[in-house]
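Both complexes below contain subunit A, partnered by subunit B and then by subunit C.
Moving on to the complex of A and B:
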């Protein structure tokens, strides 16, 4: 079942002269399955925040439609099923964590009688139980982020939107947040993460979409996106005496490092041809590993390619 | 020196690019100078204060004086009125004049009674009914009446003075004195007694009057002043102005409350609210109600101060005062909401609000009575919520007016609140806040 689905979503920020209109999103169509951790990536100004704002009803699309949990995004009452951790969020400094959580729980329509128990539970999850009665003005940035995470969960939402969730959090805190998100996933929650920290996204996301200049340029699982098609690393026990076997019209050597050779193949048959050649030469084949990029490498390459195409 | 020059350029560029600073530095003072200049320079076409005039006297002197008053630039005589029931234009009676003043429709009435001046009168009798709700206005009217009377005096003064002396020392003694004096003058200048009789009469008597002019004139011109409204008000000065100033500060504070939406946006708390299961309408209406409540509390505290410090009576007509406070606060907040909806930043909103509040206060009657403004400004003043609010406060605090007497003001203020706020909420959907 789809938790989020948008079709042909377009957002134009209009200015006085049409020439200066900004196309923040252009015909964006994508979907997020229930129970997934979905990562939305893109450079600054790609349209990520606009996309979240549209889904949450903070701004309206110029064109296109969207739905969350089977309800149109125009239905504001549906937001009781959604949690949100905004980027650089601020709360009234004269309140403490408990007061903030209580206020937003009630505003969000949380109906359980045991709100205090729920708040204690959430503060424990984000490791903030000792700060329950301390005024927010004394919180560090990392603590604010933890409180924001607790707030996004206070109504027991089915979808949680997280905008830069690990921003300002130390490495141990990041690990804790990752664990919280994975735990939420195991409870069947859908998590939508918007982050610049690609390594974080790579570690937890089931599916990733990449936006550039308001357009969706790539979508898929982390595995699919990081695996480079037709590029394999082949490890041979001994260095071949001549490298003639590496010269073939169906494949080419990209990189060599000791006994490890990276090839790019035209097709999977070409890979088999090379393996046959190696065996024919009586060389001992140790491993054949499909070559993977990190999400960050893939992202940078993809954005650069996209920029070149747009030139 | 070069560094100072660079820093100076930086400040100038910053100032030029700050539209709000430009607005407050140049436009606000310029507009206020235009308003004040038009009022006090006399070039703006001061229309004169409207005053009811009833002439029940058949004497020639009354007609002369009426002509003098008619030609006065400071006052405009209202001699007839359209009857609301019959739709006909009718002459105003004394009773009707008093009634109109009590209702606050006009601030003064000059009455020439039947016994204004007769063949045997020793003084001129004038009745002056007035409502000193505006000190400036009252002074203008009284000054104009006195000026008109005094300029007519050369025609009537000798007669009045002669009658006064005759009543004091007796006709025979006066006659004897005049005959003897005429004889002496006749002999000395060698002219007939009959030709100097009148001249001697007036000259002699005028010189006598010079000893104590004010006291003497007051006995000759009997102006019966009657304050129709506000006589029982303990502190007229503060009671007159408290509504106007309260309204000005209310507009400032409530516009600030409405523009706080921009601050909430900058803080991110607005974004947080928008992603909750609540509508934009919920957010805006809650902001509206909050601002109205703040306005009510602010006005109430201000009036309490006036009560304790200056004896301004607020509890004798408390219910109606609260109604006016409520309507004024509702209208003032709608103004703030509209400014916020039309602006793209808090700086812009504050700049526009300051400009408009100053203008509304100046021409709406918060600083001085609307009646002293030029005609065109008086017309514009009725487009301001300050005007309707200040008038309602005066009606309640000064006249002790009931709900009926302020009903029209309330209808205007509540209509402004509803229409402007609904429009503002419509604009918010398209504006920069959300």
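Moving on to the complex of A and C:
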């Protein structure tokens, strides 16, 4: 079942002169399955935050439609099923963590009688229980981020939107946040993450979409996006005595490092041909591993290619 | 309704967090203490010189004149000073709410944009109402004890002072939504409150200066369009003195101004992207 679905979503920020209009999103169609951790990536100004804001009714779309949990995004009451951690969030400075959580739980229509218990539980999850009664003006950036995360969960939402959730958080805190997100996923929640930290996204996301200049340029699982097609690294126990093994019209050697050889094949049959050749020569095959880029490498290559195409 | 009350509640708390409302409360308490001390230590006969005695020759008349004097001593400064402080304090409510990172959180909740505006409006108004009521009820109580006159006319001024605030606050909300500037919202409201309204209330004197039909038409239009805080101030004084409301037009046209401002605020706020 789909948690989020948008079709042909377009957002143009109009200015007084048409020449300065900004196309933040252009005909974006996207869907997120329930229970997934979905990472939305893109350089600054790609339209990631605009996308979330449209889903949450903070910004109005110029064109296109969208739905969350089967309800149109125009239905503001449906937002009781959604949690949100905005980038650069600001809370009323005169309140403490407990009061802020109470305020937004009430605004979010939280119905349980045990709100205090829920608040204590959330503050414990984000390691902020000692700061419950302290005014937030005394909090550090990382603490504000932890509080924001607790706030995004306060209504027991089905979908949680996180815009740069690990911004300003130290490495230990980042690991804790990752664990919290994976735990939420195990509870069946859908998590939508906008982040610049691609390594973080790579570690937790089931699916990733990449936006550039308001357009969707790639979408798929982390596995699909990072695997280089038909390139494999093959490890053989001893070095072959002659190199004729590597000369074939159906594959080519890209690089070698000791007993590890990286080949590019024109089909999966070619890979099997090479394996047969190795075994025929009585060489001991140790491993066949599909070659992968990191998400970051893939992202940079993709954005650069997209920029070149747009020139 | 629950959403409106939640926003109102936290707007009230925001107001409480501002030192200016605390100052208002402290000044009110100080005023009540001073009045209490004067009433406790000074006899009625010693207070007589503070009022004109022309034609007053009975004790009841003396008491009535003194009560009027003390009512005016509270109501007139409260209308001007209380509204001045209140405008200053609430002018940043909307711009603060519209700050990036703050508005996103509120709008991501299951609450309509009109409910947010109503919540802010009711919360700010409630704060002023409580402060004004505290001082006016306090002074009514002290006067009642001292002079034995428990006339409730002065209590009606709580309503008129709060009403004047509501009219000006609606303008603050509209300007806040349009410009996100608390300074501009505050300045514009002060200009209307302290300059335009008194000037337009005595516009007939200006007609004589210009003797021009267009100027007359322009001033009349402005007069009927803008809130009539000067006249509401006059009505407040008359209510305190037990005269009653002689003319309803300033209240009705000011109320229409309030409705127009709030309607525009809701429409514009609903259409804006944040």
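One rule holds in what follows: the second predicted complex is superposed on the first by the 311 of 311 C-alpha atoms of A that agree within 3 Å, B and C clash if a C-alpha of one lies under 4 Å from a C-alpha of the other, contacts with A are read in each partner's own complex, and residues count from 1 in each chain.
Quick note on the criterion: a residue touches a chain if its C-beta (ideal position, glycine included) is under 8 Å from a C-beta of that chain, and two chains touch if they have at least 3 such contacts.
Computed from a predicted model, the values in this text were never measured in an experiment.
Trainee: Clash or fit: subunit B and subunit C on subunit A?
Mentor: After superposition on subunit A, which the two structures share, subunit B runs into subunit C.
Trainee: For A:103, is the partner it touches subunit B (first), subunit C (second), both, or none of the two (neither)?
Mentor: second
Trainee: Which partner reaches more residues of subunit A, subunit B or subunit C?
Mentor: C
Trainee: Would you check which partner chain A:157 touches, where first means subunit B only, second means subunit C only, and both and neither mean what they say?
Mentor: neither
Trainee: Touching A:13 in the superposition: subunit B (first), subunit C (second), both, neither?
Mentor: A:13: touches subunit C, not subunit B.
Trainee: According to the stated criteria, A:66 is in contact with first (subunit B), second (subunit C), both, or neither; which is it?
Mentor: Neither: A:66 stays clear of subunit B and subunit C.
Trainee: State whether A:95 touches subunit B only (first), subunit C only (second), both chains, or neither.
Mentor: second
Trainee: Same subunit A residues contacting subunit B and subunit C, which ones?
Mentor: 53, 56-59, 76-80, 82, 84, 86, 88-92, 104, 107-109, 161
Trainee: Going by the contact rule set out above, which residues of subunit A touch subunit B in the complex?
Mentor: 53, 56-59, 76-80, 82, 84, 86, 88-92, 104, 107-109, 161
Trainee: Using the touch definition up top, name the residues of subunit A that touch subunit C in the complex.
Mentor: 13, 53, 56-60, 76-80, 82, 84, 86-95, 103-104, 106-109, 151, 161
Trainee: Across the complex, what residues on subunit B touch subunit A?
Mentor: Residues 267-269, 271-279, 434.
Trainee: Okay, in this complex, where on subunit C does subunit A touch?
Mentor: 2-3, 6-7, 10, 13-14, 16-17, 99-112, 271, 273-274
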